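Questions regarding the structure given below will be posed in turn.
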Amino acid sequence: MFVDLPLDELREYRPAIARPDDFAEFWTSELAAARQFDPPAEFRPIDTPLAGIDVFDVTFPGYGGHPIRGWLLLPRQMAADAPVVVEFVGYNGGRGDPLEWLLWAGTGHPHFVMDNRGQGGGWRGADTADPADPGEPSSNGFLTKGIADPHRHYYVRLYVDAARAVDAVLAHGASAGRAVVTTGASQGGALALAAASLHDRVAVVLPDVPFLSHPVRAVQITDAKPYGELAEYCAVYPDRIERVFHTLSYFDVANHATRIRKPALFSVGLIDEITPPSTVFAAYNRISGERPKEIIPYPFTGHQGGGIRQHREKLRFLARLDLTA
Amino acid sequence: MFVDLPLDELREYRPAIARPDDFAEFWTSELAAARQFDPPAEFRPIDTPLAGIDVFDVTFPGYGGHPIRGWLLLPRQMAADAPVVVEFVGYNGGRGDPLEWLLWAGTGHPHFVMDNRGQGGGWRGADTADPADPGEPSSNGFLTKGIADPHRHYYVRLYVDAARAVDAVLAHGASAGRAVVTTGASQGGALALAAASLHDRVAVVLPDVPFLSHPVRAVQITDAKPYGELAEYCAVYPDRIERVFHTLSYFDVANHATRIRKPALFSVGLIDEITPPSTVFAAYNRISGERPKEIIPYPFTGHQGGGIRQHREKLRFLARLDLTA
Amino acid sequence: MFVDLPLDELREYRPAIARPDDFAEFWTSELAAARQFDPPAEFRPIDTPLAGIDVFDVTFPGYGGHPIRGWLLLPRQMAADAPVVVEFVGYNGGRGDPLEWLLWAGTGHPHFVMDNRGQGGGWRGADTADPADPGEPSSNGFLTKGIADPHRHYYVRLYVDAARAVDAVLAHGASAGRAVVTTGASQGGALALAAASLHDRVAVVLPDVPFLSHPVRAVQITDAKPYGELAEYCAVYPDRIERVFHTLSYFDVANHATRIRKPALFSVGLIDEITPPSTVFAAYNRISGERPKEIIPYPFTGHQGGGIRQHREKLRFLARLDLTA
Amino acid sequence: MFVDLPLDELREYRPAIARPDDFAEFWTSELAAARQFDPPAEFRPIDTPLAGIDVFDVTFPGYGGHPIRGWLLLPRQMAADAPVVVEFVGYNGGRGDPLEWLLWAGTGHPHFVMDNRGQGGGWRGADTADPADPGEPSSNGFLTKGIADPHRHYYVRLYVDAARAVDAVLAHGASAGRAVVTTGASQGGALALAAASLHDRVAVVLPDVPFLSHPVRAVQITDAKPYGELAEYCAVYPDRIERVFHTLSYFDVANHATRIRKPALFSVGLIDEITPPSTVFAAYNRISGERPKEIIPYPFTGHQGGGIRQHREKLRFLARLDLTA
Amino acid sequence: MFVDLPLDELREYRPAIARPDDFAEFWTSELAAARQFDPPAEFRPIDTPLAGIDVFDVTFPGYGGHPIRGWLLLPRQMAADAPVVVEFVGYNGGRGDPLEWLLWAGTGHPHFVMDNRGQGGGWRGADTADPADPGEPSSNGFLTKGIADPHRHYYVRLYVDAARAVDAVLAHGASAGRAVVTTGASQGGALALAAASLHDRVAVVLPDVPFLSHPVRAVQITDAKPYGELAEYCAVYPDRIERVFHTLSYFDVANHATRIRKPALFSVGLIDEITPPSTVFAAYNRISGERPKEIIPYPFTGHQGGGIRQHREKLRFLARLDLTA
Amino acid sequence: MFVDLPLDELREYRPAIARPDDFAEFWTSELAAARQFDPPAEFRPIDTPLAGIDVFDVTFPGYGGHPIRGWLLLPRQMAADAPVVVEFVGYNGGRGDPLEWLLWAGTGHPHFVMDNRGQGGGWRGADTADPADPGEPSSNGFLTKGIADPHRHYYVRLYVDAARAVDAVLAHGASAGRAVVTTGASQGGALALAAASLHDRVAVVLPDVPFLSHPVRAVQITDAKPYGELAEYCAVYPDRIERVFHTLSYFDVANHATRIRKPALFSVGLIDEITPPSTVFAAYNRISGERPKEIIPYPFTGHQGGGIRQHREKLRFLARLDLTA
């Protein structure tokens, strides 16, 4: 049975985490480079059997200007102040079918779901390629792709895509006057935090069981995939261990958390072996500032998180904020 | 790796399956007894964050008149001829939260979800008790509860509940002029078939990976739960094996299938170890008559079935039928 | 590999454990209610192939007056001062066949084995039903049945049965002038302790690897069943966690242990993942008083415990006590 | 899930099994050699807490005259015609503690339990060494010890011990005028069959789930230990495969079965992966002659076999035979 | 336990396998395209602690002219007629360290080891990138990369690299007058066969437990990786199943085998779950012609194959051929 | 996931470990006894396909004068000062085929590989019997053979063999003027340390992931075999636990380490569950003296250790020593 720290220690868990000196510059320059590519995002309406929700097949320019796909779901009835929700998908899943995304639109929110480049082979299909991978030897999966250099790592592309997804959403008329909220589970939670760190217009972040937080700790307490990809790679290349974790420090959401001064609602499963609770708290405890932050622990729950309960927690959390954009 | 028969043999799989001589009388009399209890079903509107869907907390009299719960979701916009969909839930789950049930209402159908009495402890919560279990020694779970006597077996109560759920739905004004469709996965698929067998007003049945079909075969090729409960019980009481399978023959949906002369769309996972494909085909191949029937095989899929793809198959299948009630 | 605390820490393990204020009243009133039902216990002699042991099929009124079964084995040769041994059976087993119970009678003791109501589906058959379960949603198994209310929980019935079993045994002539000893392993150990707590006439308690001790700790270090049933239930109903453990506090044998001022011999397996050693010591360390108490640790043994070695320890332990009733 | 042939095919399963030409000579000569060593068996009475059963610690000369241990349990009350039961123990267990052997003596039979030389490290302790092993490379365990030569194989010693155990029992006065029955489970079942094949005075054989039957088939359908030891050895030494199975053909109880013209009662678990049912039937179907033979299949049972039920079957089977010695 | 067909059926296993009509054209054109890129292979001598073997770090132009790495080991003492051995590496391994490759050079053969582009993250490191992957959604691993189109599939690049490796080796002076032999295990065996199919100058092929043979069968009997990557992908995209297997038919070594009219020595493990024996025989049984061919079955061996035994079989097999180039 | 102590605690891990008072006398006397048997070691040249390496099939007198086998590989080109390497093999493997041992001879070292008596059934074949085992009950495997008495324990024979292997090697002319280095992995590492402790002429020791170090700790944190054999035995015989660990204290390489005043290079895998890192450091931290010692930790590596990387570390380590014999 997987056991991490007890809840009272988790609440105080504040490990030292290395952050590269050029962290801010790195991201400023990567984002600037991506924003050079600026064909307008394309919103193509599609036919669905959905009553009361309009769906758009979106293509927007992500990292390197590569075409990234997404779904935009617009309920025909929306409160004027309902924030736009930008959602990111977990590891090796994609945007799938718009019929799988009824929850936010069903509760009256414009909802954008970003596809994950190159992913989609694991459980929910995708429609976006990652044409820029250097193809260097890596363990199976995405975590060690291009690990030698943060500028070529897989996640620099995916994080930039996430920030550009916010740009794309803001370009649509339905966003006018609305606050932007990011959310997602696991890798989707990491992207929600990354977008909140990288994009000024994100007003609230709602990550569930976020991945890519304090990986140095993760690999010491679990060998479950995807963190296990790191262990696999480091077993083959023990002389590259330092470099691996240096590259990852640019993507560590615990490092991004220190830049986030926005309302935040996390969820965490206390027996989660995929994204162990101490790694989640490592990020949560570094979210700063006076704005409300909250974390909902699920004591007997693993990586599946809080499900529909947590969705209701999010609605409750948003309801008490003043979210006029 | 679980391997059952190859697809071409599955298509022709027609095993001999014992059906008790008093099968029809058994069910006629059980249903008649249940219909003695007739306080009208109660539809209590509840507040939800859903835009465009009205939700009712339903209580209706099931087997023994026991109060059975359910959700009724009514989209504010429905086509006049959209059939009512009555959905049943899988083993040891319950009706959960209405926010988990947006797919049918989201596509414009009145949608009723029946709670499972006594279940709900495994994965999705329930609100309905099963006050009538005789409490005889059984293996953990529901499959061997009251196994000594079909009149006292757990599933006589649940099957009668399913038929009574159709009665309840028909009692609501929104059903007027609409056809009734039953659906569900696994145990939910068994209940969908049972309701179609037991209730005249069910017009179409859409079972996914149905459970409780040809259990004699199931226990010979898999020990996965819930069928494994039978093996566990029979290991403790080897002298009761014959009685066990006699009782189950009243609930075997392959026996119910021979009574169903209605359009039917099945799905089946060809590597499904929970409800092995040969057991599913055993039922499908006994659905009779000239009305359209179809089965969608998912070759590399287990018990999770076809997901949203299968939902689209169901919409397609319904669209080509003439379903004016 | 399952590792709990090291032996020297176990010997000092004295966690704070909540005991409800009305603990004593609760049990006084439950027992009093059960003793209203008082048809005399019935002892029906049966034929067996056993040479030198007379066997009786016993029916006695348990909780709610429900008929509870048991075996009474009377060796034809018994020392006048040999105590009566009342034995309880582990989780989901029953009294089985009298031929399975030769050890105590074979060593000259009157021996009573109580059947477990509703259990018997897991490994050794039973003949006793539990007709009173409210049938509320619970995880598979017995630990969360009726968990919402200690008065309706499964174990209130089983614990009361255990105390009433002592009443039944005392009603038989063979008990005249003999001390009563309770014993059993796992759930049987819990019942042995419960009977010792609830019934004045129990003179010695000999629990092996007792279950139902300090469950709050158990669920934090193991997910093995049956404790795992709690985790399963709490994962589905996270909002009921507090209530679950409040109900269990009435059945926690660590709470019963504080009332036991009788000689006690425990056994414990130091790699036992089913009833982890720290939970066993939590109860043992709360047995009070000046009477001898002892615990035999088996360092490389799991839940199977000490087997025949422990039986010899029990004979040794009893031999040195003065047990004239 | 382990699946062997269905029951109706098992009943007709009669594979060709190679039997060496010198099979009879081999055993005649090995037994003759062992009978050279003839210090009388020693029966040392020991103190036990058992009421009504006298226990003797036995030492008798086995293969090579090596001292083999056993327990003799004599109930003080025995019917004059109750046969003597000689019991053999399963793989890597030993005779343990006499208190573990109450079933046959408790039902009025003289009962002898033979210790297994060199075994006893797996689950029940032993007191007998195997001083004659040549120590050649083998896989862990006993099945490939000395596999190069049937005269030096571990099982030539254990089988000869089994036949000599019958000699030893017959040397005790309590056996006078009594028939001899052999029994045991798994390896104990193989030894029961071997003793019946090798010793004229064995009148009835009652093997449960016997091991060492048709190993060529066993290794093709299971890799569970102990048969898996063969696969392990043959993987290291693929050029010795033929020799391995030639050596085993002397110990294959399917070959011994053809010599057994005595009443026989087998039991078999139809999901037994340790001694797969087809290997058990391979032996059973070769038991010859007009005397009654019977096999009890347990459909949902693995290697644990029929337990106390099967003990009652044995008592029933013996009762209908005329067993005056 | 994994069980495929018995050996006698394997020897006759000749399934129908689809081969695309343009199979020959496809490969002719792909090879021609690759041979456009022709900077000479580079052989850079490196220092090693090896006594008696000169080692060269090789870079040669593979598919798309991409730089592919390899090791060339030249023993200082070589028989004039010792063939050159070109070896390929298994799935997700790379060329590693030259000290890992002493067997062929140690037995007097020039030995070339090709690195696997993009692989090397699983167990033995690599130094070669795969810069041309289109990055489309795929399951983790290499088998479904670019699966939509054989011209873009990962294995078109790796197979072309293998043929080009033979070109590179022939460009070195040490190859003058020597025959070329290809070998390798698993994926390395597939590449050895592919090179033999695609390159005229390969005189002998020595594949061990080859991968990528008759994948349609493989996915029906095993879910072990890497074949399991296909099942994973097809579970996500059931509508692409036909396309997947069409693409793979260009790489199926059973299709390449029909073009190989050269001496061939295979090895196969009869309990190999990674490359099941029937898939290996499917290729072996299609090797045509009068030249000697042989397959060594290892009955109790899985994917690890015959190890050093098989190396000796290869030396024996080569010794009896007349291999003057 | 297996987790032992973190690296910084491992570096300081110095547990108290009991060493018997007669440790030195025990080994002095055992070695002296073995050296009575002194037929000269026999070096029989054999034919191999190896170019540039002469191979000898060696037989030398080990413990009790029993004939122990080995391979001696002599490269035709050796530096005058290249030390002789004596290598020992891991648990249940043997010397195998000389073609498996090219690394040390390939890098210019005389290389001797000792066979393991009685082992060889697990993964690499052996040719040496252990004719002296007393055959007492033990768990499967070698660790508890003769555990009652250090003079009869399996490892007294294997350790003496290891010291005598050094004698044998020194008897060959090729050793003249060369230093002796011992090495090996797991059990081979234990033997390398034992030989360094027991034999004066061993100049350097290079153990990888050594077994048999601080077993008291090992059994508390892992149940992986072979340490798990101890737990298995102690579970059957709990009253012998103290004796078991007393016997092992003579073989505990942490006790031998305190006698080693020679250069030493260890390797350790930080997630090694077979020989947990704390047990390895327990030995390493007790190597004494001023001569260089070093340990290479592999953070993400289990029992497979550092592979070829570690071989290069050994060459580096040897190169900086002054090893003229």
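Chains: A, B, C, D, E and F, in written order; residue numbering restarts at 1 for each.
Rule of thumb we're sticking to: a residue touches a chain if its C-beta (ideal position, glycine included) is under 8 Å from a C-beta of that chain, and two chains touch if they have at least 3 such contacts.
Just so we're clear, the structure is a prediction, and the values are computed from it rather than from any experiment.
Listed by label, the chains touching chain A and chain C alike are B, F. Interface comparison, A-E versus D-E: the higher count of C-beta contacts falls to A-E.
Rotation relating chain B to chain D, from a C-alpha superposition: 120°, rounded in steps of 5. Of all residue numbers seen at the chain A-chain B contact, over half occur in both copies; the interface is built from largely matching residues. Taking each chain's centre as the average of its CA atoms, chain B and chain E sit 51 Å apart. For the pair chain B and chain F, the distance between C-alpha centroids works out to 64 Å. One simple way to say how far apart two chains are is to compare their mean CA positions; for chain B and chain C this gives 40 Å.
Touching of two or more other chains is recorded for residues 232, 309 of chain D. A complete list of chain pairs in contact reads A-B, A-C, A-E, A-F, B-C, B-D, B-E, C-D, C-F, D-E, D-F, E-F.
Here chain C touches chain D in the complex through residues 49-53, 75-78, 96-97, 99-100, 102-103, 106-108, 308-309, 311-312, 315, going by the rule given at the top. Listing the residues of chain E that touch chain D in their complex gives 1, 3, 6, 271, 298-301, 306, 309. Per the touch definition, chain C reaches chain B in the complex via residues 92, 94, 117-141, 144, 232-233, 236-237.
In the complex of the two chains, the chain E residues touching chain B come out as 219-224, 230-232, 234-235, 238, 241.
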